[in-house]
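These notes open a run of structures that come right after.
Look for chain A in each of the two complexes below; its partner is chain B in the first and chain C in the second.
Let's look at the complex of A and B:
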């Protein structure tokens, strides 16, 4: 076996191994600890797993590109909340009063446009000022959240449209609407990362920015496109989720950036950029939701869930580091 | 791999704390708003678990949404999938959870809303609401105040100001309505001169009271929509050196209880998270055993004054 192949196989496969471990653990523990007569691996429960992974998962796909770039976006939670407000509020605007349910696609469009604009703003600042994305999006996280509170104060913004709810609750070929969105987004971003020049460039820039510039890649515009993508996906995530719930609290989406980053890191994407895989991110997203679901299934409380996720995150990074060191040693031989 | 196994082992040991499952009559799931954000909710959870354990007919699945609507909806879906017998929900958002509540109702699982109700659009999908009756709280506050005025012999001349909760909040509107309607019934000659919102905020309430004190030379009573605001008003009166004002609040807070101990604050309405939790569980049990349960199933929130405060333990929040 070639040097490094084993470690990269382990790294790629680690998240899936972990998921299998979770499944086995919760199935066995569920037999003893759960109050439910249903097995943890029940088909309906697994279908729900995909559906409930969608809000974090859709954003995580965008975050993977951003992090492969060597950047980070902390403003996704706030973008998510603003897009949700635009979605729900625009349905009640008098301008669209005569449209009936045709207001739905328009509101979707407006919400997605909001996400694109906010993402573009982040990207533009990163591009033109050269300030680190961490700082820029830390600022916009606070600023965008400020906009959310300016909009409606502490009050929730609500509009319940049953046509929309019915659409969002529908199941096509057994899968929920939200699951379809998650799968399609995953497939498209996978294609983007693996089959297009843009995707290749993303890895090149994250790996060695100077070399990428020397190779003639226009790094600024490239990064801006990625911020537009993640802004769009944050808005899409809001569209998918709020179609089914119809009311947004001003603090909704808080800490989403951290859950998203956790999922991406669990999937093996490096914080320093240059490496990462969409499929593994998908695994990371599933692993987190599985953990939340499983721990609730066997009767652990929320604090335990957060504690366990935190421990696992550190364990994964430690494992990743160990494997990398091993890989280097093998190369030296 | 060893590391992961070790981790799994740790997880197991953490979870042995959870009670083992056994065959029971009813499984009741609860998804709470945000345990740990304040001591009311923390006490509520403890009381709920204790009440469920004390009842051999009930196994409780206790979940906490951590204030996150998405997580609460996912928990509702999970409880439906697990086919629990009833679901109790403390809504993180009175409107966002309506579709999830409808889902439970469609699956034939009765839903009981606890503490704060969901929006009216969701009423058709709910079996019962268990929580405090804020109109009664308002009218009881009026009675406390009137009784005190009678004891002082000023029931024919007293002047009262009111500091209400945040405009738009059902709780604020209902408490004000209860007070406004009941006061003229019990003390027809007491004059309610002005009502201003204090937004549930102690500092805001203090400013409102400062303005009242400048405007009116003679104030005999202050009704505040909760003790937090009541204590704010008390502080304003103390700073201005105005004695002899009767302060009455609602939702007895620890600060209010302490001010009552010092003799500066007359009374309030005692709302216990323990009663709140036990009422929610009892409502669920009554619904499951087929008893006739009123749609708005209130638990009692008694009057507390300096005279009877020894009967109540100090609130933890």
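Let's look at the complex of A and C:
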């Protein structure tokens, strides 16, 4: 095996190796430190892990395309909150009073439409003004959060629909509804990235924008589509989560963008664009959730999670760079 | 108008657009509410902007050098909590230097990672945002920090005191702004910061030690954060663990409003101060005309995008982007 393939293998497999390490560590450490009798690798525990990964995971899939394309979206947390409010509030609108449970698909549709519109607005501004996506979405992160507050003041918005709760808590083939959504989104985005022209072009634009333009790729529409996708996915994540919880605070979704970006970067996607994989992002999402659950399992304080994840993120960045330097030196020889 | 063509006006608007907008804004709010420009209101605005402003000074250095610092919010929470905790344990006179030392260590760590190891500053400071937050919570055990004897300490002077009728936070802000303004515009170090941010490779080839410059930028940033933490702690004499949460983005908004480019190489301390004041006056003006605090989020959003758009448009000479 050549050294080059070894390093690329290391890079691709790193996140899964990390997950295996986490599992081993928490299983062994849990034997000595855990207060509960339950094993960490319990089936129910693992199923719950998937379910809890869903809100961050669904958004992370969208963030992967955005970052592969060379952009970033900081407004996903606010989009998530607005969509959640639209979902819960629209179910109580008098217009839909006579519909019974048929209001559910309408509310879902409205919430998803909200996400699409907010994403499209971001995309349009990035495209037409030429302002960097970081600044545009930094602004809309504030602006969308303002809209959340304007909608319902500082009050929580609550509405429980039991049909919806039953649906969200249902298990199909052992997996929760939220898990299914995560898996389906992952599969669809994987197809989009690897089997469509749009996906190819997104990689091309992120890797070398000038070359992509010279090759006749229209950069603007592709960026626009990606922002629409991440807006849609942020809304979908809200729809899946709040169907079950039924109550949203105006501060919900804050710092989600940080968790999402952390998951995507752990999965090996480059901030500079052009590189990244959906499967690795899925690994990154699982790794973060495992860490949270695992630390709680061995009785560490919840605050340790922030410390550990922050340091791991930096360590990953460092290792990744070391591997890349090796690759470049080989290229020179 | 002899000699003043349309493009001159456009060019002027693009270059000084933010000042023009600021002036229009102040005139508008003064017409809406006469109290807006009253001295005590202005003083109040500047005073409440001081914490944001002090941090923004340090972040300006980091941004000009072509990097980002997203960790300032949680770093300020850290210094606030630490100085309040140490105040009761070793007394204020020792607590303040101890807190500064600890915060500078954090800054040095980030500076080492970004400067010497050349890691991506966005991800490093994102990681540090999370890590320092965890550190703060571990330090305090998640509890709020309070000074036991609030009456019998002189510690409140940094946040509540006045000197010659001017509140101390404002004095500190003005002092640091003048100091760092001079450093940035009049010293060789300041020129090197611009050089590194403008074109890192060219700067390296002309003999500038990039790593050292960037390292110093983060030290300056953490020094500013420690000062802000001191003001915050001294003003309230008690604090939650999340006191600085979200501040990093507000600070960045102020720096961007001031016209610093995120790509590095441009921006000044003076413009950042203007950016900070604009944010402060918007917040205050909207409250004075009776709008809720969250309306300012939306207004800030619109202003940031318009400001940066104008800036970008002026540079390329076209209003709309050339992206196909």
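The rule is simple: the second predicted complex is superposed on the first by the 330 of 333 C-alpha atoms of A that agree within 3 Å, B and C clash if a C-alpha of one lies under 4 Å from a C-alpha of the other, contacts with A are read in each partner's own complex, and residues count from 1 in each chain.
Rule of thumb we're sticking to: a contact is a pair of C-beta atoms (placed from the backbone, for glycine too) under 8 Å apart; a residue touches a chain by one contact, two chains touch by 3 or more.
Only a predicted model underlies this, so the values are computations on that prediction, with no experimental measurement involved.
Looking at the shared chain after the overlay, A:160 reaches chain B, while chain C stays out of its contact range.
Of the two partner chains placed by superposition, only chain B is touched by A:18; chain C is not.
In the superposition on chain A, A:304 makes contact with both chain B and chain C. By the touch criterion stated above, A:120 is placed in contact with neither chain B nor chain C.
In the superposed pair of complexes, A:220 makes contact with chain C only, with no contact to chain B.
With both structures placed on the common chain, the touch criterion links A:55 to chain B but leaves chain C unconnected. In the superposed model, A:169 lies in contact with chain B only, and not with chain C. Once the two complexes are overlaid on the shared chain, A:252 sits against chain B while remaining clear of chain C.
Comparing the two interfaces of chain A, the one with chain B and the one with chain C have residues 301, 303-304, 307-308, 311-312, 318 in common. Across the interface of their complex, chain A is touched by residues 113, 117-120, 122-124, 126-135, 137-138, 142, 246, 249, 252-253, 256, 262, 292, 294-302, 304-305, 308-309, 312-313, 316, 320-324 of chain C. Of all residues in chain A, only 74, 125, 127-132, 134-136, 138-150, 153, 213, 218-220, 223, 254, 258, 261-262, 265, 271, 301, 303-314, 317-318, 321 touch chain C in the complex they form. Interface residues of chain B facing chain A in the complex, by the touch rule stated above, are 3-4, 7-8, 10-12, 14-15, 18-21, 24, 27, 35-36, 59, 61-64, 66-71, 73-75, 77-78, 81-84, 92-100, 102-103, 119, 121, 168. Residues 18, 21, 25, 29, 32-38, 42, 44-45, 48, 51-52, 55, 155-156, 158, 160, 165, 168-169, 241, 244-249, 251-252, 292-293, 295-304, 307-308, 311-312, 315, 318-319 of chain A are the ones that touch chain B when the two sit in their complex.
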